[in-house]
Amino acid sequence: MIVSQFLVLASLLFSLGVYGLLVRRNAVTVLLAVELMLAGVNLNFIAFESVIRDSLASGQVFTIFVLTIAAAEVGIGLGIVLLIFRNRATGNVDELDLMKW
Amino acid sequence: MSWFDNGWGLSLVVFLPALGAMVLLGIPKAQETAQKWTAMLFTGVAMVMSIIIAATFEYGSAEQFQFGTKLSWIPAIGSNYNVGVDGISLPLLVLSTVITVLAIIYSWNNWEEPHNPKAFLALMLILATGMNGTFVALDLVLFFIFFELVLLPMYFMIGIWGDKSERTLPVFNKVVENRLYASLKFFLFTLFGSAFMLLGFLGLYFRSGEVGAPSNTFDIPTLIALGSENAFGSGTFAFLVFGAMFLGFAVKVPMWPFHTWLPDAHTAAPTVGSVLLAAIMLKLGSYAFIRISIPILPDMAKQWAPAIGILAVIGIIYGSLACLAQTDIKRLIAFSSVGHMGFVMLGIATMTDIGINAAIIGMVAHGIITGLLFFLAGSMSHRYHTREIARLGGNQKLMPWLGGVLAFTAMASLGLPGLAGFWGEFMALLASFSPLDGLDLTLFRTLMVLGAIGTVLTAGYMLWLLQRVNLGEPKPEWDGREFHDIDMFEWMAWAPLIIATVAIGVFPNIVFGATRDAVVNLVQNAFGG
Amino acid sequence: MVNTIALAQTVLAVVEEDGAVVEAVELASGGFFAQWAGIMLLSPFVAFIAIILVGKRMKYNGAELAVGAMALNLVWSSVLFVSNMIDGIFYEVGFVVADVGQFMGRPLVFELGFVVDGLSIMMYWVVAFVSTMVFIYAVSYMQGDVRVPWFFASLSLFAGAMLVLVGAPNLIQLIIGWEGVGLASYLLIGHYWEQKENSSAAIKAFLVNKVADVGLIIGAIMIGRTLGDFRFSSIAKAAIAQDEALAGIAVAAGLLLFFGAMGKSAQFPLHVWLPDAMAGPTPVSALMHAATMVTAGIYLMGRLFPLYQNLAQDAREWMVPIAAITLFAMGLLALVTDDIKKVLAYSTVSQLGYMMVAIAVGGYTAALFHLFTHAFFKALLFLGAGSVIHSVHSNNMSDMGGLRKYMPTTYRTFVIGALSLAGIIPLAGFWSKDEILGVMGVEGYTSFMWLAIAGAFITALYMTRTVALTFHGTYKGEGVPHESPRLMTIPLVVLAVPATIAGLFNIPGVSWGSIGNFTSWIGARIVPMGDYHPSSINWGLATAGVAAAALGIALGWSLFGRDARTQQLRDTFEIPFLYPLLRNKYYIDDLYMRGLVNPIKGTVAKGIDFVNGSVIDGIVNGAAFLMGAFGRFVYQGFDQRGIDLAINATAGGTSRLGGALRFLQTGKVQHYAGAFVVGAVVLVVGFVIFT
Amino acid sequence: MTFGDWISEPTNWAFLVMAIPLVLAAWRVVTSRNVVHAALSLVFALAALAGLFILLGAEFVAWVLVLVYIGAVIVLFLFGIMITRAPIGMEAELSHNKRWPAALSALAIFVTTSWLSVDAFGTTKIVDVGVPTSTEIIGRSLLGQFVLPFEAVGFLLLAALIGGVTLARRDDTPADEEAREATADAEAKT
C-alpha cells in the first residue's frame, strides 16, 4: 500500500467536489459538493498522517478540526440558503446575481 | 542637582512651554484664568530654570557647552538630541525665556480680536519652545527643526490675530488684507531661506565624513572641531554651502535686501507677536551665523565677510532712511530693526572677538529695546485705535508715563551711551576699524564711517518720531477723551526691560561676562588668532 | 576688577595693574575726597531719580534735592579745588564694566570711573558752582511753570552727565557723558515742547551734536584701536613718548575728535544749534549753553592736549582757521539780533571760538582760563537776561529799554558781566582774553591774533548795544517791570564776584604763594602740558585789546546809547550786502535745511520707501505673483490639460475597459468559483514549471 | 513496483473495495438529479471514507466521521432540503447545462494535484497498515498542544450555532409584533 493511491483518490474526490460546485444549481447540492471537497482534504490529511505518524497525531487532529469547521459551515450555509429561499423564493445559485454590475 | 546639570534642566527649559501648550489644550475654552495661569506657570518655571542655569553657569569655562546632554535620536543619519549652552547662547536663552513671560504678563487682559486666549497662548508656548530650542540645539537637524518650529505659531498669530485692515500693493495694484499678506509673506520668505539652509546643512553632513569625522554627522561641536582645522576648505563646495546657509540666516536676520517681510509682518502682527518677533526671532538668524557659519566654515566666512559687511551697512543706512518716510508707528519701528540688525551683522562681518561680542550685546539690547518699543506701540494703538503717526501727538500730555517710557526707549534705541543700545553700535564700529587680518581695511573703515553716519540718521528718525507722537499739543480729535496711563500689567511687563536697558548700559559685563571667553575661543579656533 | 592709578607725593609712582613702577610724578593722591570723588558724579543721578519719584510731592517740586546734590558737589569740589591749589592732585580709578575680547595681546576693557586732577577739579568746581547758582536761581525763575519737577530732574541729569564727562578717565566714559549732556540738553531745550519750534530746536541740537559725535566716536575708535587702551592717561603718556603707532593716526584722530568738539562747542559751521537752543528756559541757557556744556569741546581738547601738542601739530592748520572764523563771524551775528538770549548765544559761540583758537594754537592754559572766567560772566549775563525776561515777559530787546531804573541789581551785575566779557581791565575777561592773544602771538599766528583783537572790538560793540537797548532809554514794553525776587538776584551778585576777580588768579608772572596760580592748578596732570606761559604782562598787546574794546564801547554807545534813535538805528544798521547776510545767519541754516535735512527727510526717504515698496517688494511680490501665474499655468495648462488629460484619459479608458469587462462580473458565484479554480491551477502549474 | 506487486497486497484489495464505491458514490453526489439521492450518496461516500480511515489507522476520526457526518450533518442537510422545498423528486434542472467548462476545470485540478502528489511521493509505502492510533494520543494532543485551536474551534462552533439560529429565525416586522402583543393582551384579559 503506497501513499500515492490515497492521494490520487483524495484528489479525485476533491475534483468531483469541484465539478459539483461548479455545475450544481441548487444551493443545497452545492453545499453537498463542498462537503465532498472537504472529504478529499480529510483523506489527504489521514494519508499523510499514516506515513508520518508523529507523536501528536497532527493529521488526525486537523481532520477533526476540519470536520468541526465543516459542521459549522453547513450550519451557517444552510441558514443562509434558508434565508435566501425565504426572501427570493428560489434555491438556485445561478439566479442569485445581486452582485452583478 | 546632577539631574539638572545633565541635560534635564536645559531640556525642561525648552520643552516645558510645549508641555504647557498641551495642557492648555485640555482646559475648556471658557476658563481663561486657568489658561493664563497655566501658560504663566510653564513659562515661568522655564524662566526660573533658565535663570538658575545662568546663575550656576561656570563662567570660567564659558567656551564649553554646559548643562548639556547627548542622546541618540535618529541613528540612521547620525543625528543626536544634543543640547547645551555656552557663553554665546546663554544670554540669548535667558532673554528668550524672560521676554516670553513678559509677553504673557502683558497680554493678561489685553487680547486682540478674535480673542481666544487659549489658542493664542498655546501658539505662544510653542513659539517659546522653538526659540529656546534653537538657542540650545547642538545638532543641525535639531537646530533646523526648532528653527522652523517658530514659523508656524507666528504664521497663525499674524494670520489670525493680525491687522485686519487692507492696503494696496504698489506696482501690482492689488488689494490685500494686511494680516494675510504679511503672514504668507513671512512664512514663504523664511521658508525660502530655510530651504537653502537645509541644503547647506546637508552639504556639511555629506562632506563631514570625508574630511575627518568618524562618520557623516550633524553634530555641531564635531563640525566646529572640523572647522577649526578648516576641514571643509575654501573651494566651490564650501562657498556654496556657506552661501546657502547665508541665505537662510540672512532672511531671518533680516539683512538687506531680504528684509521686506519684516515691516509687513511686524506691522500686521498682534502686539505680542511683534514683540516676540523683534525681540527673539530676529536673533535666531544672527545667532546661527555665530554658532554655525563662522566656526564651521571660517575660510568662507572670511571670504564672505566683505559682502556681509556691505549688506549690513546698506541695511543700516537704508533702514534709517526708510524710517524717515514711514507714517505707521509700528512700521517705523520695524524698519528701525533693519538698521539695528545691520549693526549686529556689521559686528559679525568683522570676524573679530570684539565684533562678535558687539553682535551679541547688540542682539540682546535690540531684543530688550525693540521689544519694549513694540509693547509701547501696541499699547498706544490699543488706546488710540490708530497707528498713524500723523494722527498722534501730545502723547506726553495725554499719558505722561507712557510718553516718558516711550521717550526713554527711543533714546535707548538710538544708541544713547549709558543705555544698552550703545554698546552694540559702538563696538561694531570699533571692531570694523580693525577687522580680522586679511580683510580689506579700507572697505571696513569705510563701512565704519557709513555705519557711524547711520547712527545720526537713527537719532534723526527716532527724535522725529518722538516729536510727532509725544510732543506738541494733542490733536483735536482726542479732545475730551480719557486715556488711562500705563496700567499694572504693562508696568510689570515693561519694568524689567527698562531696568535691563539701564543695567546693561551701565554694566555691559552682564552680557560680556558670559560671552567673552566663548567668543574669544570661537575666534581663535576659527581664525587661529 | 579695579584699575587704579594712584599717585601720592611719597609714593612717587604710577602704579599700573601689575604693580610695575612706570613713572614718577610729584603729585598728591588727594586723599579721601579724591578717592571718593565718584560720589560727586553719582549724587546728581540719585537726585534725578528721587525727583522723578517724589519731586511732585515736595514743597519746591524737588528743587531741594537738585540744589542739595549740587551743594554737596560744591563743597566737595571746593575741598578738592583748594587741596589741588596747594599740592596738585592726581587720582584715577576705573571700574571695568566690559571685557570685550583680546586686542594687541591683552584684554580690551571698557572702564567707568573718574579722574581727579587739576583739569577735572577745575571743571568739577565750575560745574558745581555755576550749577548751584543756576539751580537756586531757577527755583524762583521757574515758579509756577509747567513740569517743574521734571525740569529739576533734567537739570540734575545734566549735572550728573556733565560730571561724568569731565570726570571721565577714558574716551568711552567721556562719550557716555558727552551724549548724556546732549540728552539733557535735548530735554531742556524742548522743555516747552507744546510748541513745535521748541521741540524742533531740541532735535536740531541733538542731531547737530550727533553728527559731530560721528567724528568723536571714530576718533576715539582710532585712538583706542591703535593704542589698545582708551585711557586719557595712556594717551597722554604715549603722546609724550612720541609713540609711533599713535603718531601715525594722531592728526586724523585729532581732527576727528576736534570735529566732535566742534559740535558740542558750537564751532562754525556746526554752531547752528546753539542760537536755537535758546528756546529752553533761561537758567538752562545759562548753565548749559553758556557756562558748562558747550565748553565740553574745549575740555576735550584740553584733556587731549598732549596729543595735539606732541603728535597732532598739523591738525592746527584746520583747527585755527575754523575757530578764528567762529570767533569773528559769530560775533557779527550778535550785532543784528533782537532776541537778547540769542545775542548772548552768538556771543557764547564767539567766545568758544576764542577758547578753541587758543587751544588750537597751543594755549592750554589760556583756553581753559578763558573757559573758567567765561563760565562766570556768561552765566551772569544769561541769568541777568533771564531776570529781565522774567520781568518783561519778552525776549526781544525792542520790548525793553530803560530797565536800569526798575531793576538796579540786575543792571549792575549785567554791566559787570558785559564789561568782563568785553575785556575791560581789570575784570576777569580781560586777563583771559589777553592771555589768548598773547599765546597766539607767541605761537606765530599773528594775523589770526589781529582777527581776535577785531573780535574783541565786535564783542564790546554788541555788548554795548545790548546794555543800551535793554537798560537805557525808555521802556517800550507792556506792564510795569519790577526787580526780580531775592532768590534770583542773589545768584547774580554771587556770580558777579568771580566775574570780576577771577582774572587775578592768572596774571602773567604772578603766583599767589602756596596756592600758586591758575596755570599751576590745571597743570596738575599726569604728564606736563608744555604749553606757553607768559612770564610777564605784554603791555603792548594788553593795550591793543583794551583799546579795541574801548573803541567798541564808544562806537556802540554812540550808535545805540541815545534812546530816541535806538529803534530806528537798529533797523537802519543796514550795510548793504552784509546786513542781509547777517540777518539770515549767513544762510547756513537754510543751507542745512534745504540742502540736507529736507531732502533726506523728504525726497531721499520717500525714494527709499518707494524702492522698498515698489522695487524690492515689487520683486518679492512679483516673484510671488509670477509663481502664482506660473502655478495657474501649471494648473490650467499643464495640470488640467496635460496631466489631468492623461489622468482623465486613463480614467476614461479604464471606465470603458471596465464597461467591457463588467460582463465578466456575472454576479454568479459559480462563475467566480470556476475562475478561482482555473486561476489556482494556472498558478500551481506556473509555479511548478518555473521553479 | 508493478501493478502485479500492488494487487498482490491484501490491503490493497481492501482499499479497492472501499475506494471504488467511494468514487461511484461521489459521482452520484455531483450528478444525481435528485437532491435526496445526492445527499444519501454522500452518506454512502462518507461511510466508505470512514472505512478508508480505519484502513489507515485513524479509527477515532473514522467514528467521528460516521457519528458527526452521517449521524448529524446529513440529517441537517435533509432538513435543509425539506425546508427549502427543494425539488425532492427527479429534476432535470438540478444542474445547469454548462458542464464542460466545469468538467474541464475539475479535470485540470485533478490532473495537477494527482500528478504533483505522485511526482512527489511516488511509491512511498505506508507501513503499520491498520495499526490504530490510540484515542489517548489524540485526546492528549487536542487538549495539550492544540488546546488553543481546539477552544477557538469550539467558539467558532458556538458562533455558528448562534449565527444559524439568528439567520434562520423569522424576523417580525413591528406590525407583526404589535399584532402579537395585542393577541397576548387579549389572551391575558380573557
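In this document, chain identifiers A, B, C and D correspond to the written order of the chains, with residue numbering beginning at 1 in each.
One rule holds for everything that comes next: a residue touches a chain if its C-beta (ideal position, glycine included) is under 8 Å from a C-beta of that chain, and two chains touch if they have at least 3 such contacts.
What you see is a predicted model, and the numbers here were worked out from it, not measured in a lab.
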{"item": "Innermost chain by mean C-alpha position", "value": "B"}
{"item": "Averaged-CA centre spacing for the pair subunit D and subunit C, given as whole angstrom", "value": "113"}
{"item": "Mean-CA-position distance for subunit C and subunit A (Å)", "value": "109"}
{"item": "Where subunit A and subunit D are represented by their mean Cα positions, the distance between them in whole Å", "value": "6"}
{"item": "Inter-chain centre distance, subunit A versus subunit B - centres from mean C-alpha coordinates, in Å", "value": "77"}
{"item": "Multi-chain contact sites of subunit A, meaning residues that touch two or more partners", "value": "18, 22-23, 94"}
{"item": "Residues within subunit D bordering two or more other chains", "value": "101-102, 105-106, 109"}
{"item": "Overlap residues in subunit B, where contacts from two or more other chains coincide", "value": "none"}
{"item": "Touching chain combinations (by label order)", "value": "A-C, A-D, B-C, C-D"}
{"item": "Residues on subunit B engaged by subunit C in the complex (per definition of touch)", "value": "169-172, 174, 185, 188-189, 257, 259-261, 263, 318, 321-326, 352-354, 357-358, 394, 396-397, 411, 416-418, 422-423, 426-427, 429-430, 433-434, 448-449, 452-453, 455-457, 459-460, 463-464, 467, 470-473, 506-509, 512-513, 516, 519-520, 523"}
{"item": "Subunit A to subunit D touching residues, read off their complex", "value": "1-9, 11-20, 22-29, 31-33, 35-36, 39, 42-43, 46-47, 49-51, 53, 55-61, 63-65, 67-76, 78-83, 85-86, 91-92, 94"}
{"item": "Complex interface listing, subunit A residues touching subunit C", "value": "18, 21-23, 30, 93-94, 96-101"}
{"item": "Interfacial residue positions of subunit D with respect to subunit C in the complex", "value": "101-102, 105-106, 108-109, 112, 116"}
{"item": "In the complex with subunit A, residue positions of subunit C that touch it", "value": "662-663, 665-670, 673-674, 677"}
